[in-house]
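Next come two complexes, and both contain subunit A; in the first it sits with subunit B, in the second with subunit C.
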Partner chain A sequence: MVRASIVVEISRTLSEILVCPLSKQPLRVCEKSNSLISDAIGVSFPIIDGIPCLVPKDGKIIETPTDDDSLDTKQCA
Partner chain B sequence: MRRRSFCTAENVDGNLQSSKVHIFDRHLKCKQRDRDAWLINQKDSLVNTVADNLLYRLEDVNKTFPTTLCLGGSLEAIRRSVHEQGGIEKLIMMDSSHDLVKLCKDAEKDLSSDNIETSFLVGDEEFLPIKSSSVDLVISCLGLHWTNNLPGAMIQSRLALKPDGLFLAAIFGGETFKELRIACTIAHMEREGGVSPRISPLAQVRDAGNLLTRAGFTLPGVNVDEYQVRYNSTLELIEHLRAMGETNGLVNRVKFLKRDTAVATAAVYESMFAAEDGTIPATFQVIYMTGWREHESQQKAKRRGSATVSFRDI
Partner chain C sequence: MAAVFQFPFAPVVGQTTRRRQQIRSSADRQALFSRIAPVYDDLNDVLSLGQHRIWKRMAVNWSGAKEGNNVLDLCCGSGDLAFLLSQKVGLNGEVTGLDFSREQLIVASKRQQLRAKPCYRNLKWVEGDAINLPYPDCYFDAITMGYGLRNVIDKYKAMKEVYRVLKPGSKASILDFNKSTDGFMTSIQGWMIDNIVVPVAAGYGLTEEYRYLKSSIQEFLTGEELEHLALESGFSSARHYEVGGGLMGNLVATR
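Up next, the complex of A and B:
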């Protein structure tokens, strides 16, 4: 299956000042899921139309990866 | 629009308890703002006037604010009004409605002639996703009166500011929509024998100073302006409120506003407040708040007992 590559562009300005809305810890960009990950609480926030959505209710709890996915999710989990 | 000196406020105290009072249905508010993103009237003179007034205050301040966080409310009005004031270089635009943020972002290409770098994000003022001590200025034009936890949102704004950073906000005050409030109450009591909240509790002028100091801001300042907007009919007033994203978002709302009551409200409003020429006035009271993040360079009252001169000697 050919996966279209999504270019996730977070401006430098935003990447320097955005943090997780709940834990206030730094966020990490995950290109695979086009989201920002808060490792501190294990939640991912989507980036829609290039706009980060950091409202708590938009956050999704990251599922613990199974063994099959361990290679794919190396970047994200 | 005519300006009037403000009169004394009514007795509404909504958001000041420390326990979390859930007055606003933020989710519904968000959906309303999404819908209303498409109704925004660029020529809304009230909103533009408030935005201009807010930014005007920057000209009195002997400081520049290169990185500015703009909180939702009337984002687009602020964006359009920003020019040279305050030396703003980077503008971070945040609102809880994705549609509104997208609208602003798309409108950006028409404004690309100035040198301001804009960034966009969707976020909640009560859960601010901004690193502490990272911005020079936080500005909010007619947005904070919708928060359930206004002191909390203000504290978060303060923490996002660098030392000696400035917080500038305009919110609607308690006198706003007083005519509508009265008309609603009367109509409701006549029709349904009870009163349900239709108009959100708003901060009073006297509360604004407390809010600022409680949030830890130094050198707090509060100003009030009152505007009277004239409409051709009550329907037009409601349309304007919808366009401003300000319609009923209260949690304890009655599911359906009965049509009879709505019609009665319009009738009461018109009979009580209509001007001789048939136009309907509505009061908008705007409270402007300023506060600073603490810094050693700021003036502070001296410690008690440290006086070196007695009043007797003066």
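Up next, the complex of A and C:
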């Protein structure tokens, strides 16, 4: 659990510094998928071994939830 | 010099069957740098007889980075310039090393852990693209780029991004091979690549990767062209300095 909280800590620090490489808008952390989310363009960028991958072509488009999905308002990838 | 002929690394898998290929696209170059990642540092030392360390120190000095600064090493590779910047800015500063090759970043991260200097706590690695930087405008106090710009397909776009993320009045220090306008120097450079660099790289199974160097320099910009590129990208001033007897060059551009 300690390791998981360190990962979240690193992710939060990164999200305060980094912006979306395409829209230049702020990113937010998705703890569930350990990724940085660009809400501006609906793309998630993974953090692998503490190194965020913000190469545009490696971003994953976030699927929009259907009406039947019971998800939080903040969609994670 | 005996060390030059010891080849501690097995040839890269697939090298012997790979036909000569063009290193044209960004993906090709990314793959190239990922293939050479395991031996990149060793080869830099061998091929430049350790001189690259001096040129990199000069590049950092030219960047104007100082204690407490927030700085970026773009196309950081295995992190040589980033480690120098880390010592320069100290624990009150922040250093980011950004590169498009995860394999190079992994080498950089391992070096950071192995060296374990206290100041290296200020150092973070990001996998990213030089033409789409994940930073807000006017963010960095200094930017360095070592042997990176030549490998970026869209150099104008990269310079525009460097300009965008630099604070006004701050500098970008860009070190690379010098594309000389002097025919004699060009011949010497070409001869050295053909007769020293490529044969040594061949011992590591990386003939084609280092053969790429010659055409890459030929397609690069001269010092004067780099100065113009910087000015066209918005920099208020730009000056290109030849170092290493004219084999290398360092562009210093001020926002």
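We take it that the second predicted complex is superposed on the first by the 54 of 77 C-alpha atoms of A that agree within 3 Å, B and C clash if a C-alpha of one lies under 4 Å from a C-alpha of the other, contacts with A are read in each partner's own complex, and residues count from 1 in each chain.
Keep this in mind: a residue touches a chain if its C-beta (ideal position, glycine included) is under 8 Å from a C-beta of that chain, and two chains touch if they have at least 3 such contacts.
Please read these numbers as outputs of a predicted model, since none were measured by experiment.
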*Determine, under the contact definition given at the top, whether A:52 touches first (subunit B), second (subunit C), both, or neither.*
both
*Give one of first, second, both or neither to describe whether A:41 is in contact with subunit B, with subunit C, with both, or with none.*
neither
*With the two complexes superposed on chain A, say which partner A:16 touches: subunit B (first), subunit C (second), both, or neither.*
first
_Output check: A:24 vs subunit B and subunit C. Expected answer is one of first, second, both, neither. What do you get?_
both
*Would you please give the residues of subunit A that touch subunit B in one complex and also touch subunit C in the other complex?*
14, 17-22, 24, 48-56, 58
*Report the residues of subunit B in contact with subunit A in the complex, numbered from low to high.*
27, 30, 67, 90, 92, 96, 98, 101-102, 105, 117, 119-124, 127-132, 134-135
*Enumerate the contact residues on subunit C facing subunit A in the complex.*
96, 100, 102, 105-106, 109, 124-129, 132-137
_List the residues on subunit A that touch subunit B in their complex, please._
11, 13-14, 16-22, 24, 26, 48-58
*Within their complex, state which residues of subunit A touch subunit C.*
14, 17-22, 24, 27, 48-56, 58
